[in-house]
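There are two complexes below, and they share chain A, which is joined by chain B in the first and by chain C in the second.
For the complex of A and B:
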């Protein structure tokens, strides 16, 4: 199951963040209330969790890496952008994506140190916790492609490569209107909002056998 | 799966034991090993903040009532419940289950050159195992879009088996050593040789 797809640029900015919401009858939907946003990380017990009423899209659930970030949505319908339910570029500046980048950065460093080879570029493949696995690829220009999945998925290196060579290059790099450096200024060019790229990567990722 | 190295970290993330059993990893300076241990300790803590948000299927009906998320209700109690549920099994097997408290933190790292596994005991001691990578998972042809599933989980189960043996050895040869002071570096030849033996 693919939970989310993010791209970080070489300045540590999250320039694209796509979260997928999966249908699952066994999963209850519950979201932290908007009372204590700051508190929700340090003191998880202090966050009150309410279950939403059953008519409100009971199939939705949080993607991983998400609970610490955002306040309650007004309804699941507002969260859905486009045909595939999920969030597009909503959590780019959230603590979750910063923490994720930090983990990737640290692990990349220790991997490069420990590895006993001359060429140590891009050796880190993935890391996992009890609940999810994160797949990682870095391009030569320092772009980091990150996919969060469940623990069952073993290796998505070729998918990440495909996302870079076929989708990022064609829809973003070869696009004359897209900026060379994302995320350097705080305007709308800070993120990839190219709908062609979003639709193409969405349909590619959802077509994979591991998506569901 | 070949074991490259075994490290043990104390509660504070300090490296208290290091045993490079098989060659395959770079030799680092003593200071770099401490940095490495600290990094893994820190990443473990950060990773536990990245919580998944699906809760276990709840038998309670939907409604306005508040409920405490399962992850938040203290990792300690959840590890206890794991032990309770396996008591019957242990009676049958004659063997105690791993009290792994590593419920949300970093569990494994996969790279081209090695895999890292992390196991945390009830008391907060971390055991770190570095092994050779899995050739089945790592040599996927780039054009072949078939994706393996569950192979890394199976390899993690193998690592868990090793962790179990290390933990038993640790309990027997370090914890029962009257001259060992807690949280301090482990200097015990018997423990060394036992670890070497089980990693072969």
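For the complex of A and C:
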């Protein structure tokens, strides 16, 4: 199951953040929602499962696993963007998103230091916890592609690569009207908001067998 | 695994008619000259900045298609630019020469230059570096992979020189940016 997809640029800003809301069986692994991440940082992975008890807010107070009920959200216009339920570019600057970046950033640096630098180039591909797995790919230009999934999903490197070489390239780089530099200001940076990119990546990701 | 320039050129580069390309670039330069009243220094600057804007996009295409990883030395970088970059986008392979002692500066010798086919410069255009856009492209593309470089022309066959030569100098390797609030 794919929970969210984010892109961070080389200025460490989240230029695209897509959370998918899943209709789904109650996750037995929803237990961790009681861990002490609550309130202060939100859910870095952006995990949203419907049919669970309502959460009392959004944004930085998003519950640790980002669990929201469908009934609560269906009334809100910002909750469902387009045919595929979820959030588009809503949590880019949330603490949750910054935390996710921080995790990847630290792990990436640790990863690079493992092994002998000269002969063995070590890069971060994913990390997993009991219930979740986060897939990571960085281009040489410092663009970071991140997918958060459940632990059933094994390896999504080829999907991340596809998102970069196909979707990002075709809908952002080749799109003369879209910037490729999204600004350096952590609060005022741009985002990928062009609908071609959003629709194309949505239909690509939802078509994958691992999406549901 | 990274792919060779030859392979990318053959299989994943969309080709266009080279005359169309050459003539389009020629019209751009001619238009700039007229826009700037033949102030060739300004034209050079403008071409360079147009090239920079191309370069920062081109590098993504380059990386996406070649799968190249970061280089560790300037020698490696030069090799990749020449044998992969120029090959896949322009189907030429320039020579590298004149390495400086500290390995931070080298010359690119263009044996052929698709931008400059059919071109004859007017006699008053001594200050014009006709293919200056290449400098901008290299500067933009390398900037995006954390290399701050200066690129400039030193010789151009269009000006009567025996070869076309570009200099590329590494100013510094930029550090990856860190999130706000960290060192």
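Note that the second predicted complex is superposed on the first by the 145 of 212 C-alpha atoms of A that agree within 3 Å, B and C clash if a C-alpha of one lies under 4 Å from a C-alpha of the other, contacts with A are read in each partner's own complex, and residues count from 1 in each chain.
Following the convention adopted for this analysis, a residue touches a chain if its C-beta (ideal position, glycine included) is under 8 Å from a C-beta of that chain, and two chains touch if they have at least 3 such contacts.
As the structure is a prediction and not an experimental result, all values here were calculated from the model.
When the two complexes are overlaid on their common chain A, residue A:142 makes contact with chain C while staying clear of chain B.
After overlaying the two complexes on the shared chain, residue contacts for A:84 are found with neither chain B nor chain C.
Shared-chain residue A:153: touches chain B; no touch with chain C.
In the overlay built on the shared chain, the residue A:102 is in contact with chain B and with chain C.
Ranking chain B and chain C by residues of chain A touched puts B first.
Once chain A of one complex is fitted onto chain A of the other, the partner contacts of A:126 are limited to chain B, with no touch recorded for chain C.
Across the two superposed structures, the residue set of chain A contacted by chain B and also by chain C is 102. Across the complex, chain A meets chain C through its residues 10-12, 98, 101-102, 105, 121, 139-143, 164-165, 168-169, 173-174, 180-181, 186. Chain B meets chain A in the complex at residues 23-26, 28, 32, 36, 39-40, 42-43, 46-55, 57-58, 62-69, 71-73, 102-114, 130, 137-138, 140-145, 147-153.
On the side of chain A, the complex with chain B involves touching residues 3, 24, 26-28, 30, 41, 44-45, 47-54, 58, 61-68, 95-96, 99-100, 102-103, 106-107, 109-111, 113-117, 122-133, 151-159, 161, 208-210. Residues of chain C touching chain A in their complex: 56-57, 59-61, 63-65, 68-70, 144-146, 176-180.
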